[in-house]
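Consider the two complexes below, in which chain A is the common component and chain B and chain C are the respective partners.
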Partner chain A sequence: MTEFNYKTCTGCSLICEDILFPDAVSGSFSHAKNLCRKGQAHYKALFSERAEPLVEGSEVSLDQAIEKAAEILRKARAPVIYGWSNCTLEAQEAGLALAAKIGAFVDDPSSYCEGQLMERILSGKIPSCTLDDVRNFADTTIFWGSDPSSTQPRHLSRFSYFPRGEKRQKSYEEERTCIVVDVRESPTAKLCPNTTYRVMPGEDLQFLEAVLAVLEGKIPRFGDKKKMIELGSIIKKTEYGVIFPGPAMLDSLRDQMDRFEELVRRLNEVTTFKVVPMTGQYNSRGFSQLLFDRTGRVKGVRFAASGEAAAEAPSLVEAVKGADGILVLGSDPLLDLPIGLARAFAAAPIIAIDPRLSLTADVARVVIPSAISGLETGGTALRTDGVKVTFEPSIKSDHLADEQILTRIMEEI
Partner chain B sequence: MAVDVKVVTYRDIFQYGAEKMGLHSEEYLKLSASIILDKQDMARLGVAEGGKVTVENELNRIVVNATASADKPHPGLAFMIKSPWSNQLEGDESCLPGVAGVRGIRAKVSPSTEGITQMDEILQRLRA
Partner chain C sequence: MVSAMEIYMLLPKTNCKKCGLPTCMAFAVGLLGREKKLEECTPLFEEKKYEAKLAKLKDIVAPLESASETGLIIHPEKCFGCGNCVIACPVNVAAEPTRCGAGLGPEGDRVILRVEDGVVVANNLQECRRFGPNRVLCNACTATCPSKAIEFV
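Right after this comes the complex of A and B.
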């Protein structure tokens, strides 16, 4: 009997556990099975642009880099630890222990993206489900401001559109309806041109109110009225619907998430409707859950000298602008953030724990190279739907794991 | 001649691959230093496919290649793959939770004869 040695890909928040490398003995990933284009790039990154230990731009030993990092954080009066999303739960635990020890402000990219949605899901205000439930039961999936074909490439094939599930044996041919709400014709929207709803920037609330109107049997005041009424009919016929909100929708509805909560409540009076987040990095959900379990919040927490979370915390912008030492791990904020905030990061003494060269590592006072989380180190993480995944490293590496580096920094402090 | 646009950013799987091969790679530059404009806006600017345009607002200015949109007409709306180039034009308010949604970056687009904004220049701006 053939034994398959499945590997896990941490290229996105689906954390696919069915990756096979027939040529792994020769060190080649070129004939990998089940690896998507994004996963392929993630694995290829193992062999390009790896970081070296640096202090002030000069090559040093790993020990010297760790000592310098500890020195900066020991002296810092307003330290910040930022990133986390590309780290295992074990590394996130170690990082939070360090944050509590030094009284740091902690935050991750979800702070300004899916944070408000995640808080509502984790606190039970918005009903959610697993992606396995989506595969087995969902007959209507709504990608609102999200584009899984680009961000979670196997989302549609493993869970939300193409697979045959327990109650969905006729799948996309007959039983599943895919709806896209977006400002542009995204690759996902091309799958379902007749059920794509075009919403211009800032019009998401109007779209939401129009959906509520058609559910009440009223004439919608937004968009193509006939098409909106058809959407109402699809929703009313739905047995198990799922909304996947993406950054475009969350950005647009940032101060109106109560209305989204109301929409989901109303949908559940009509039929069953769940909401599953589309987190960006592979363990973004893990950090949100960990921080929520620890502090009751999913974003922007300041730890007091006592190690407890302070009642009040500044915004990420305020915290970074006042920081005198920033530890960045599992993220590249200079690549992702707007110019003003990215400059504020660059102006502070940064310690970058990073497996690869990055813009943040480029301006960092200290660079500590790490193993690529999930590929060169094992551990656990939460998939975008909250399912816990345990994995072994795909290949052996001499690099230290994030949690080992964090533990050594803590010992030095 | 200039056209006022709202720039919406999005994620692209090909740019992700280019990023993993190197932030200073030609492929990453090509995919990031690029803006998709409505065909009508391209015509108004007199810019041909792949022509250079300046995209600027009160925060910054960048020079990128322009591509005509294959989508339905959307004059005044432009698209860029999220990258350090688009970040040059984005304000910090997009990182403040709970404030009104600011979907889209307001900018002015005009034809350019300057060179494409390079990654090294972006790094200098970040360090400034």
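Right after this comes the complex of A and C.
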């Protein structure tokens, strides 16, 4: 039997490890097997939209770009390091060391996505499990405000609905039930039209209260009562249920996350229910975990000059507005963030470390091209459920990895 | 996908039996099953009054030509490579139980459906349950497609 050389995709937070590049050479690949469209685009864009080292819009050598970046950060009195979620754990550690050295404010996109949930999961307030447990044991999966078909295309086929597992040999339709709670008929909802629950934007709390009411045996005051009671009976029959809350649901609940905690506690009185977050970028969980281990918080940390995390930290908006040097690492804040915040970013001097051209790289004062992790460099990362994945590079490249660039900036400073 | 009724509506509806079948409806079904060719309906081509209908028929029958032996049509522009069909296909699972059965992508060449360069491609169609005269009307791959990128004629 032939040995297959499996590679890893860093296109989304599932970090698929079964990718085959039969004819990968330096600078290109073709006929990639098992790579979904998102992963394919993530890697292919590299060959058409590669970033070049730039300072103030003019091409320079890599050394000059790094020197300039170090100069900006050295002079900065309120530096910010933002991004983190698209780089390896090694790069994140190097970045945190740099942040501690220059006393920077650090934050990642999770403040606007799954931060609240992640904090509760990491501190053990909400029970969680790995995606392999989901594949082996789960018989009810609830996608609440998330649409894995669009965000993590292989979620359903690798873990949550279609594969056979240890206790779920018959798998979908017979032994697994997929429930979708969403504001629109998403591609995932099309797979289970009978168990799709439509809520209007902002109505997630009412839906949550209705589920609690159904579990108490009361008549729900929300939506189609018959359908809600059906949902209650599905939950009561469940042996091992998993909820995948997406950004839409978290954004809708906002300050009422305690009610969600209450729901999960109540569900666990009925049967086993776990919660697995749906992070966006591939190592978002890694950074949350790293920061949580170090400071006890998952977002918005300011390091004091002594290298210790300060107890009080400003919000991202305040930090960015007062920043005189922003290092953006593995993220594209101008694309992702709300317009007001994106404008604040655009007004500040940005140093972008990015393998590809992006909106942020377009306005950045200094652009430092890096190697794309997964394809050109190896490393480790945490999958969305917290499982550590180690990967090797697939093709050769002359570009420096994120952690090498950060180490060099630190040496220059 | 076009239905037999839509094809029937564009046929002469005279039941002239020139194609060898007893009714025009039977010919429409035959056309859809790719057992009959449009040219076999001679009145369509010979009589001028059918010209407009013939042009429409040619349009709607054209996609059937691109279907494979099992009637499978893939729209690569709609596919996002989620691999649901790869995992759901019973032949794939039988060929690689430890991989397709457990949600991983296939590694060998014995599978029917696999994802390559971000979209699904079909191979080994003779293994499909829809192949040949004793076919089973299995729809595991099309029913699990969230974007309707694959369909059967």
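Assume the second predicted complex is superposed on the first by the 406 of 413 C-alpha atoms of A that agree within 3 Å, B and C clash if a C-alpha of one lies under 4 Å from a C-alpha of the other, contacts with A are read in each partner's own complex, and residues count from 1 in each chain.
Basically, contacts are C-beta pairs under 8 Å (C-beta built on N, C-alpha and C of every residue); 3 or more make two chains touch, one makes a residue touch a chain.
Since the structure is predicted, the reported quantities are computational estimates derived from the model, not experimental observations.
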**OP:** For A:408, decide between first (touching chain B), second (touching chain C), both and neither.
**Re:** neither
Original post:
After lining up the shared chain so the two structures overlap, which partner does A:362 touch, if you call chain B first and chain C second: first, second, both or neither?
Top reply: first
Original post:
Touch check for A:68: first (chain B), second (chain C), both, or neither?
Top reply: neither
Original post:
Is A:176 contacted by the first partner chain B, the second partner chain C, both or neither?
Top reply: neither
Original post:
So, does A:341 touch the first partner chain B, the second partner chain C, both, or neither?
Top reply: first
Original post:
With the two structures laid over each other on chain A, which partner does A:116 touch: chain B (first), chain C (second), both, or neither?
Top reply: first
Original post:
Of the two partner chains, chain B (first) and chain C (second), which one does A:20 touch, if any: first, second, both, or neither?
Top reply: second
**OP:** Quick one: name whichever of chain B and chain C touches more residues of chain A.
**Re:** B
Original post:
Which of the two partners, first being chain B and second being chain C, lies in contact with A:285: first, second, both, or neither?
Top reply: neither
Original post:
Touch check for A:168: first (chain B), second (chain C), both, or neither?
Top reply: neither
Original post:
If you lay the two complexes on top of each other, which residues of chain A touch chain B in one and chain C in the other?
Top reply: 37-38, 40-41, 149-150, 153, 187
Subject >> Of chain A, residues touching chain B in the complex >> reply: 37-38, 40-42, 44-45, 48-49, 111-112, 115-116, 147, 149-151, 153, 183-187, 198, 200-202, 204, 248, 251-256, 299-300, 315-317, 334-343, 346, 357-359, 362-363
**OP:** Would you pull the chain C residues touching chain A in the complex into a rising list?
**Re:** 79-84, 86-88, 93, 99, 101-107, 114-119, 144, 146-147
Subject >> Of all residues in chain A, those that touch chain C in their complex >> reply: 4, 16, 18-20, 30-41, 135, 149-150, 153-154, 156-159, 161-165, 172, 187-188, 190-191
Original post:
Can you name the residues of chain B that touch chain A in the complex?
Top reply: 6, 8, 10-14, 16-17, 19-23, 59-60, 70-72, 74, 77, 79, 82-84, 87-92, 94-104, 123, 125-128
